[in-house]
Each structure stands twice: as structure tokens, then as C-alpha cells.
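Here the chain labels run A, B and C in written order, and each chain numbers its own residues starting at 1.
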């Protein structure tokens, strides 16, 4: 068991190196130079040079990378070029928001997707199956943020069931926090739900079609037993495989949803920094996003190894 | 689609899961030119034509503002109404076809230019080269695509080309991986191996035999990515990161329409419908391409 | 003393010349060839453990044995398409193993090969003429000229010129094999290696191809190295036969003699699959038990001893050298006696 964990941890290192190198190098390759961008169009060459020194950009590149990495590892992301606020502190505030949203969306995806997938598989080729399949097809094609916009229009603005924008932190009020989260989570989770539905259905159908199942059926096990003991297990394993990838994708799309619902998460922070080339913000937020994704994938990898002894190596 | 047997068959990236083959038309199978395919092809051509003929087709100047007439609902003058700057929604939609298709072209070209040589070299060379190149690809595939694309766009500067370049860069490891497995399949086939006895250079083998026979799955992957890159373009435009205002784009139309969605939902619905239909049409064409390429050759 | 996969001990023993056809008459000379796969990995597999062969000009040497005997490894080693650990391969007096680009050198010296699988032998995207003309790309720059020559070659192998424009999936197995043969003939080779070239074909087609190959040989003054486990094809075409088992040659000699009067017990068993040879009915004196051994871990002593009914103590400890018996070479401790044993009904006494 321990060697498996160690091996997986070791496998993560190249990913971390590549990701951090990528994020770091963005500042180096930006056309026009990072210091120039930070200084603004009216700065004199001397001001730019001073800024360059202040930002540490005149050091040899490998040294810059190492110092930057060390800082990042300690959570020191620098100051935003736009508003001079400490990036680390701001991330700390916004991170729980984005996490809550993403987690809620993931929950939606699982709670909707798995039952639908099971239903679809159990009633294969029926009208229900057809409806589900079309639904997922649409869910995959319609971008979540578009769905979000119309959901807001109908459920928030016209029907008034939930507030259209804004976000109440958990610490303030659980009820309004959840209320404000329903629509965003549903919208964000729609695409993922479609994927989970298809995965579940596919996995169940595959087991149901296998010769093994026919033997079990012939041996007299009831249909329900078959479904719930074997096919479902296979389906769940298949879904777990995908959770890591889904989480990563959801984090990305959360950026869009945060914009639609005006949720003060990390996504909006990232977007705001783009046009101004706010490197501390961009790098800080990206690194944190990447770290989250890597951790989630690691967790999935490990739980996968625990659940399915065949995968354990 | 279950991955129970070996760890090998797990999907490597969200892209592979997000557009399962047959997303629109269903499972594989040789379908002739049925109505669905004709519709899809026709629609894509239609969108392309609209983009090309935009100066002729659009009833109004898409960036001309008319603040006195802002957020006016649909009328005879403005079939889809006006936006919050008084600009004609329909004209902006028509003109938006240009950056949409252009941007997709940039993204796919970038993904190919980077990803194809990457996969070809890795698959053909094998050994340490392959190992390093693929580890690199795997590391990149773990990362959240949209976030990385935004990060790259920040560095390059916000514009349509840069944003789609970033999207292409994010896609390239997927392309590389797919081509590499194609190359591995083909590399040891007799018609490749035997050419070594003819005194011909490796380049001949790679370009004349390996690449053409290995590229099929990569092409299919690229068509899937075409659909996704259109969605990415809409998303980035919506965030204001792609096409810069006041130039029209579908993503921007979505963003601006959303501001007054309660008054005139058509202004938001129109670009949404256009985007979704175009993406579906592209997926359908991708399915057809896959069917054709899978004839045992 | 056992001979583990890594030990070269038994290879240093010199092997006598296979048969008197030497000197100028010898086109391809192989001495002490060893082929090991995964040389630097944790489990190297020695597929060929010291093989020596001579192929005389204008002859057809058949290399026979079960799958796993190492025959294909020998073929690939000759072509430069497979690894060579040690040994020498001399073609027309030129040593091939030392070349920087071994496959190109083999091709230069007049060696070509026809493989077994007609499906993957041709590029599915190329019309037949283009595949046939490919060996000429370097020396014949004009595509028009190449096409002409390709069509001529196709006619030589019995295909109408119209076949030139067809793609592989439009051709039958036999037709594809003809195309592959035409391609092998394009550079004007002296030695053509036929690696199970007819094994994948239907019986009826197989015969046609064998006849074609025979014609081509006589017309073109070719030399063949025929690799096969199909005794029927061997009986039809071979002038000499060498029998391989687990990476070594156990018997070799003139074809008719080997077939009618095998010396080595393994050859005897292999021939059990030949129904008739020119009217003589060949009856095996025994059938070997078990399956072919593991190439990675060959048995100690004589490699065949676990399956050999004639095995005695010395067979389990000492690897038999090739010895000349009745004008042939065989690697068996009891080579001199086997003839007598067969006449007595094959039971060891």
C-alpha cells in the first residue's frame, strides 16, 4: 500500500514541475516585457528599469524560477499590479468560494448523472433512454454559461425563486449561501452531469452485455441483484475514473459561471487581471488552480487503487 | 466506455470525455449522406458564407452606436433589436461569424502545427525521446484547459488571435498523443520496415508511409476539437478576453445581451442558438468523417 | 552443465562446413550467428544460438522448424532488419554485420525479402504499381519510368497491367503476394528470402505461387532462402534443407536425402506432416511429446532431449556437435544409430 502511495506521489512531481515552469515562463515571454507592461505606456526607461529590478526580472532566469517557486510554495504571490493588494490574501478569501461552487456542481453532476445513467441503462432502447440520450447530447453541446444565463432569466428574474446575482459567504448565513448557490451549481454541473450520465450508462451496458452477466442471469440471480451488485460497481468505478478530469474541467468553467452570477471567486480575479497583464494575480491564481487539480487527481488515483485491486501495481 | 479492465484505457484528458464520438449521431456505422449530415454540412457552409458576405448581408453597421435607441426590442428596422449601445444585434451577429470561424481556424492550425510533429517524432523515435515527450504531454493534459488558456492570453495580450493561439496550445498535447498512438501502430508494419532495404532516407518513410497512415485518428480528434474551440472562443469572448470591443463577436453578443436579458431575451438567445447549432453541426461532420476514415484500408 | 540463455560457451566450438558446395558457388555464408532480443534488458532472449549455413548460388535452401525455432530471426538478421549479437553474415564475399546501415547494405548486395502477411506488406494508400516501384525511387528519378518498370514486373509475376492501378484492398491474397514478389524483384536481387511467403494463402493459391516462384528462379537465376514450417512447400521447392530447433541447426543436407532418410530424431518428427514425397510414403518413427521449449530457458545439454525418445544420459548434459553422418550433418549424440533404430521400429533398446 505504502509503495503505491509513494509511487503516485512521485508521479505527480513532473506534472508540478511542468506546470510551474509553464506559468513562470509566461511572464518571461510576454511580448513587450512584464516590467514594461506593469509600468504602463507613459513610464520612462529609467522607471521601467527600476521596476524591472524591483520585480526581480534582471536576475538570471533559473534563479528567478527558483525564487519564484519558493515564494509561491509559501503562499507569497506578490502584489496585484492593478490595485496593489496582496494577491495571497485575496486568493485566500476567494478560494473557498470557488471551491464551494465547484464542489456543489460536482455533487449535482453525480446526483443527477448516476441515477439517470442507471435508468437509461436499465430501460435501454426505450423512449426514456432516447430522451436521456438527447438530453445529454444537448447538455454537451450547450455551454454551461449560456444555460446559466437563461436559467437566471427564467428562474431568478422572471420567477424570482432565487436571487440572480450575488453571493453570501457561508460564515454569514447558511441559508442565503445555499440559496445563492443553487442556480450556479445546477448550471455549472449540467455539462458534467451529461458526461456522468453517459459514462454510467456505458459502463452498465458493457457489463450487462458481457457473457459473465448472462451466466449470472442463467444461474438464477434476479435482475435487481445483477444490476446492483455487478453492473453498478463497474459503473461507479468508471465514474470515479472521470471525476478527476471533471473536477479540472469544472474549475475552468467555474470562471465563466462566476462571471454570469457575479460570484466573487478566483475565476473573476483571474479574468480581471487579463487585460492589464497583472502577472502576480495571473500566476498566483493559475498556480492555485493547478494545485487543486493535481491534488484532486492524486486523490482519485489513490482511491482508484484502493477500490480496484486489479489496478494496484 | 467503462474503464475497468486496465488502467491504460482511462481517458487522458477532459477533452476525450467531453466529446465522445457519436455525441450527436450515435454509435459508429457507415451512414450514407442522410438528411442529418446534409443539414450539418449545409449549416456550416451557410455560416461560412454569412461570414464572408457580412458586409453585404448586414443591414446596419455593427459598431455604429445609437445611444438614443439603446435596448430597443425587435422591430422592422432591427429584427433582433438593439443592444445597450444602440447597435443592431443582427448585424453584430452576422459580422460575428468572421471571428468565429477565423478563430477556430487559428486554434486548430496551432494545435496541428505543434501537436502533429510532437506526436510523430515521439512515436517514430521511441525510447527516451518518446518517454520525455509523452510525459510532457501528460503533465499538460492534467491542467484545467480554460484556466491555462486565459493565463497564456494574459501573457500574450488579449486579442482574438492570441486567445485562439492559447486554445490551440492547450489542445496540442491531445493531438500529439493521438498521433503518437497511430504512429506506434503503423511504424512496425511491413511496408514501412521493408523500405529500409531500399536505401531510402528515414524522412521518406516518415512522411510517405507513417504519417499518412497514422494521421486518421488525429484528424478525427481535430474535428472534435474544432467544435470545442468554437465553444472556447465564445467563452473567451464572453469574458472579454478574445475579440476586443467594439469589434463584434458571438461571445461579446452573449455578454452584452445578458445585461438586458429580462427586457429582450432574443438578443441573447440569437447568438446562443447560432453557437449551439454550429457546434452541433461541426460534431456531426466529425462523426461522418470518422465513419469514412474507418473503412478498413 | 546447463547452458543458460546468456552463456556463449557452446558457441566457441567450431562447426564443420555444412556440405561440400563451397568457394565460388556459395552466395550467402553464415557463421556462428547469434541473435539476442533485449540484450540489455532484464530478460534477454536468445532466439538464435550459433547458426551456420551456406546457400549455394542458384540453389534453394529451406530453413525449417516449428515457430519459436528462430528461423524468422535468422531471416531478419540477414536483411539487417533484426539484431545480430555476434557471428558473420557474408553475402557474395561481403560482410554485412559490420555495415553502418545494415538493411541498406543487404539491399545493396542483392538481398530482398518477401514476408508472410499480404495485408501489412503493402501500403494501403498506394496503388500496386507504386509499391512495386518503391525500391527504384533512389535510382530511377522519373515516376513515369518507374511506373513502366513496375508494370513490366507485374506482368512477370503473372498480373495484368491493369492491376497496377488497384489498391491492396481491391486485390485478393494471392494477387497481393504477387505484388509483393514483384516489389522484391524490382532491384534485381540475387538472393530472395521467402519468410513463410505462402503460409497465409489458401491451398489452391499456394500452389500457383510456388510454381511462379520456381519459374522466376529459373528465368532470373535467383537463389532462394525459403523459411517455412510447411513441409509441402519445402518438399516442392528445396534443393537443400536445414532443420532448426530452439535456435540451433540440428540437421542439414541435400533435400531429398533429409526428407527420405532423416538422421536427427526431430527431423523425423517434423516430416510426419508430409503425406507423400514423389511416391515414397514417409512414416515417422515417433511423434515428439510435449511442446517446443522456451527459447529463453533452453534445456541443458541437447535442447531436444526432453521430447526425444532416443535420449540417453549424455543427452541431458552435453550439447551435441554437428557431426557428419551419411553425407549429412546432424547434431545428435546417437546420429550414427538412428538409421538402425528406425529400421527396428524406432524403439530405443
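We take it that a contact is a pair of C-beta atoms (placed from the backbone, for glycine too) under 8 Å apart; a residue touches a chain by one contact, two chains touch by 3 or more.
Predicted, not measured: the structure shown is a model, and the values here were computed from it.
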item: Closest chain to global C-alpha mean, per-chain Cα centroids; value: B
item: Most contacted chain pair (by C-beta pair count); value: A-B
item: Farthest-lying chain, centroid of Cα atoms versus that of chain B; value: C
item: Computed distance of Cα centres, chain B from chain A, in Å; value: 21
item: Chain B and chain C, separation of their C-alpha mean positions in angstrom; value: 53
item: Distance from the mean Cα position of chain C to that of chain A, given in whole angstrom; value: 59
item: Multi-partner residues of chain C (each touching 2 or more other chains); value: none
item: Complex contacts: residues of chain B adjacent to chain C; value: 189-191, 193-200, 204, 209, 212-213, 296-297
item: Interface residues, chain C side, partner chain B - complex; value: 79-81, 101, 103-104, 106-108, 111-113, 115, 117, 120-125, 131, 134-135, 137-138, 169, 187
item: Residues on chain A engaged by chain B in the complex (per definition of touch); value: 14-15, 17-19, 22-23, 26-27, 29-32, 137, 140-143, 145-146, 149-150, 152-153, 157-158, 191, 195, 198-199, 202-203, 206-207, 234-235, 237-238, 241-242, 245-246, 248-249, 251-253, 255-256, 259-260, 270-271, 273-275, 277-279, 282-283, 285-286, 289-290, 293-294, 297, 304, 308, 310-311, 313
item: Chain A contact footprint on chain B (complex, rising order); value: 1-7, 10-11, 13-14, 17-20, 23-24, 135-136, 138-140, 142-148, 150-158, 231, 234-235, 238-241, 254, 258, 261-262, 265, 268-269, 272, 275-276, 279-280, 283
